[in-house]
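Two complexes come next, and they have one chain in common, subunit A, joined by subunit B in the first and subunit C in the second.
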Partner chain A sequence: MEKFISANGISFGYHSVDEQDKLVTVLDGLNLSINKGEFVAILGHNGCGKSTLAKHFNAVLVPYKGDVIVDGMNTHDEEKIFDIRESVGMVFQNPDNQIVATVVEEDVAFGPENMGIESDEICRRVEQALKDVDMYEYREHAPHRLSGGQKQRVAIAGVLAMRPKCIVMDEPTAMLDPKGRREVMQTVKKMNREHGMTVVLITHYMDEAAQCDRVIVMDKGEVLLDGAPKEVFTHVEMLKNVGLDVPQTTELCFELSKAGVEIPLDILEVDECVDALSDILEKKGVKA
Partner chain B sequence: MAVIKIENLTHVYSQGTPFEKVAVSNVNLEIEQGEFVGVIGHTGSGKSTLIQHINGLVAPTSGKIYIDGQDLWQDKVQRHAIRFKVGLVFQYPEYQLFEQTIYDDIAFGPKNMGLDEQEIDKRVRRAAEFVGLTADMMEKSPFELSGGQKRRVAIAGVLAMEPKVLILDEPTAGLDPKGRDMILGQIKEYHETVKSTILLVSHSMEDVARFATKALVMNHSKMFMYDTVENVFAHASEIEKMGLSVPQISKVVMGLRAKGYDIPANIHTVEGAKQAILKLAQQGGMTNA
Partner chain C sequence: MLKDITLGQYFPGKSFIHKMDSRMKIIITMLYIIMLFTANNIVSLFGATALLFLFYIVAKIPVKMITKSLKPVMPIIVFTALLNMLFMGGEPIFEIDFIKITELGILMAVLMCVRIVALIAGTSLLTYTTSPIALTDAIEALLKPLNKINVPVHELAMMMTIALRFIPTLIEETEKIMNAQKARGADMETGGLMQRARALVPILIPLFVSAFRRADELALAMECRCYRGGEGRTRMKQLKMSSRDGVALVFMIVLFAAVLAGNVQAVRMGMPTL
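So, the complex of A and B:
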């Protein structure tokens, strides 16, 4: 598979404010690659370095040591910074911090305008982007009057209108209600499945991670686990030790197996769980 | 007596303008002292507007709010005192920290209440302990802390006022699962120790199932239900239609029931489901649903 982003032995730290500028290491020689068209979730507790890593993916941050290569471009190469940022768009947690204009369609147009795209094309892109996130009917509304989920979809449209090859989302659903979360996940999945867009999703919701192709778990600036959701979530105890969680279905199976019930540990979905449980109950002679 | 009583409450934003919007429509509600209420509803359902009425941040367009039997809008002097009975922790409260030390930040509320130094000190230390802030941290700047710690300082600032009613608007948004469990555990402990009334606004049905005893459901500016968590989640299909969800584990239980297994419908936590399934398995072929 073709690599889209690769981080090769990257280290990064922040200077501490109080302790004489002491360097606090956040990423320590991390290696990671993300393939073209992949839908990857990054999990980790607060402070594990996942947002810092995400900011390396479009050159908001550059590593002290090592290289990040995005679509063949090194983020250390200052001449490529704009190209890198056009190819990787970012969406952050709080939609209020990302909206700049007073009308939805103007906000979505902000990115492409800055790229120097001609106005007819901008109109087409804004229309398409707003339709992709199902916010077209709100194009003339004021963003501050929208709900959180709607605002976040406008923020996503603003990124889509720049037509990036990859979209990096840092907890885009943290502030949303269940419906808003479903809408954002559907939008992102559609961009990935239908348009082949590479998606990196940072999240604290295990059910969202379960919907991705691949899950990367970070701890202390390093990659702890990396694999398909079914593999990663079988490590229930390891995940809990690093302050994470597993979907409730996986936890139930894990707890039952601890209590001596023979049940597969890689169950993520409700239907799967119901089937596995009814198999077991049937074997035990419990009649339905 | 109900600590919160709401009568025919309606709130209309921007009345008389083209942006007129009914945010809360004819809500009647009584919450008993000591309840732990999960407040759920889609964004824009009116739940934030509703809770802002409870400590008088917004005035009703029509209807009445009684706290501890007192009409909140009867007179201005009284309103000031009633407000201290209802503590409100906003979303992302860490952005509201402003003092030079953690101690001063937590002490800000009690100071405004006009308490004496000794009482303030006692309350600040007690509140800090509830949220797991150690004594050696008190003289630090709140801006040196991590996001999760800052949020705990902000929550402590409200706890220190020792309100009879504590309202938290999504206190765990953006926290990792461990941070989430820690804050909710601390709120639960506070609730059990102080016996205050808690209203927890949450988008996580799993958290509501684990921590709350009652659930209040808002839908399109109306109150859909106020009942026990079990009774509310029993309306799974209606809840899902409102853009909400039920805990994943409740869906597993419903799936098993749909297959005909004799498992109680009122199970909404992993622990509860585990026990019920083990019990069912032990009974072997003896049960017939």
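So, the complex of A and C:
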């Protein structure tokens, strides 16, 4: 598969304000690559550097050591900054703080307007982007009248209208209610499946991570685990050690196997878990 | 709801005036203001006021909105009327002590009132029929020439847009903070003026902190969406003048000429003028 983003041994740190400018290392020689069309979740405890990593993907931050290559462009190259930002869109946690205009469609047009696109083309892109996130009926509404999930979808549309090749989302569902979370996840999955968009989803909801193709677990500025969700979530104890949970089904299977029940550990879906459990019960002669 | 403060001004509609180019609406409002100040006699001034009613009818804005927009300036109107009434020369028709009321004074007071009322109602019509976005766009377009003398026109317009965008958000936030402080025992309803002013401090400080945080995040989000100032930026909705705007401008100029002619005629006939 073709690499879209690759981070080669990147390090990054902030200067601490309280402790006389002491350098606090956030990323420490991290290596990572994300392929074209992949749907990747990045998991990690608070302060493990996952948001900092995300900001390296579109040149908001540049590493002080190592290189980030996005679609063949190095983020150290200042002339390429806007090309990089055009190909990697970013969605943040709080939808309120990323909506610029007072009308939905004007806000979606903000990105393309900055790129200097013709007005007819902008109209077409805005319409398409709003239809992609199912917010076309709300194009003339004021953003503050929308629900959290709707606002976040408008923010996603604002990024989509720029026609990026990849979307990086920094905990886009953290401030939303369950309904809003579902709406946003559906939209993101659709973009990935139907339009082949590369998606990097930073989250701390395990069930969201379980829906991705690949899960990367970060700890202390390094990659701890990297693989398919089924594989990553079998490391239950390791995940718990870095302050993360596992999906409830995985946890149930893990506890059962610790108690001596023979059950596979890589179960993520509820239905799958029910089937596995009834199989075991049948084997023991209990009628399901 | 407190949230809808900014949007309360604008009445969406599809009338002739609503459909006009917002730049032309600003120009015509300016012309109208100048016209009000040039009209210095009864006939011209009442003509100009009648014109205003015509505008309101065309725009399908309820005329009772005029009274609503006048409320905040009522003291100024009363004060101006009193001054004009008391300190105008001429034959007194009513006199106690130093208070002398003359026929001319009453006339002048009425004319002055009409002028202020028309001024307020006329400018309100602009905000009633134009959305805040269209208004900022128009201001940006009209001030564009100032770019040459290094006035950051685009940046000013962007600031206005963002301010409008964040008013409802910050009002909501203020309500939340007030509730949070009340839950902690803050007393905001009782006490004198000083005490109440002091009670606002625990609301304003968190509000400012959060506003700065929001500004920081918004700037980041804007940068991620390739914002780099006004240069090379295009617009989705371009302002377009149509024949409608030409008609409106010609209509306004003709009326302006009529008012000027009315002024000349009034002087010739010896009518009292402002």
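What we mean here is this: the second predicted complex is superposed on the first by the 288 of 288 C-alpha atoms of A that agree within 3 Å, B and C clash if a C-alpha of one lies under 4 Å from a C-alpha of the other, contacts with A are read in each partner's own complex, and residues count from 1 in each chain.
Everything that follows uses one rule, which is that a contact is a pair of C-beta atoms (placed from the backbone, for glycine too) under 8 Å apart; a residue touches a chain by one contact, two chains touch by 3 or more.
Being a predicted model, the structure only gives us computed values, none of them experimental.
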{"item": "Subunit B versus subunit C as contact partner of A:Leu53, first or second or both or neither", "value": "neither"}
{"item": "First, second, both or neither for A:Arg85, with subunit B first and subunit C second", "value": "second"}
{"item": "Contacts of A:Glu118 with subunit B and subunit C, given as first, second, both or neither", "value": "second"}
{"item": "Which partner, subunit B or subunit C, touches more subunit A residues", "value": "B"}
{"item": "Partner chain in contact with A:Pro143 - subunit B first, subunit C second, else both or neither", "value": "second"}
{"item": "Partner chain in contact with A:Met162 - subunit B first, subunit C second, else both or neither", "value": "second"}
{"item": "Partner chain in contact with A:Ala129 - subunit B first, subunit C second, else both or neither", "value": "neither"}
{"item": "Touched partner set for A:Thr102, first subunit B, second subunit C, both or neither", "value": "second"}
{"item": "Residues of subunit A contacting subunit B in one complex and subunit C in the other", "value": "94"}
{"item": "Touching residues on subunit A, where the partner in the complex is subunit B", "value": "17-18, 44-47, 93-94, 145, 147-150, 171, 174-181, 204, 206-207, 243-245, 247-249, 251-252, 255-256, 259, 261, 270-271, 273-274, 277-278, 280-281, 284-288"}
{"item": "Contacting residues of subunit C [partner subunit A, same complex]", "value": "3, 7, 131-133, 161-162, 164-165, 168-169, 172, 214, 217-218, 220-228, 232-238"}
{"item": "Contacting residues of subunit B [partner subunit A, same complex]", "value": "19, 41-44, 91-92, 141, 143-144, 146-148, 170, 173-180, 203, 205-206, 243-245, 247-249, 251-252, 255-256, 259-261, 270-271, 273-274, 277-278, 280-281, 283-285, 287-289"}
{"item": "Parts of subunit A lying in touch with subunit C, wherever the complex brings them together", "value": "58, 60, 82, 85-86, 89-90, 92, 94, 96-103, 105-106, 109-119, 122-123, 126, 142-144, 158-159, 162"}
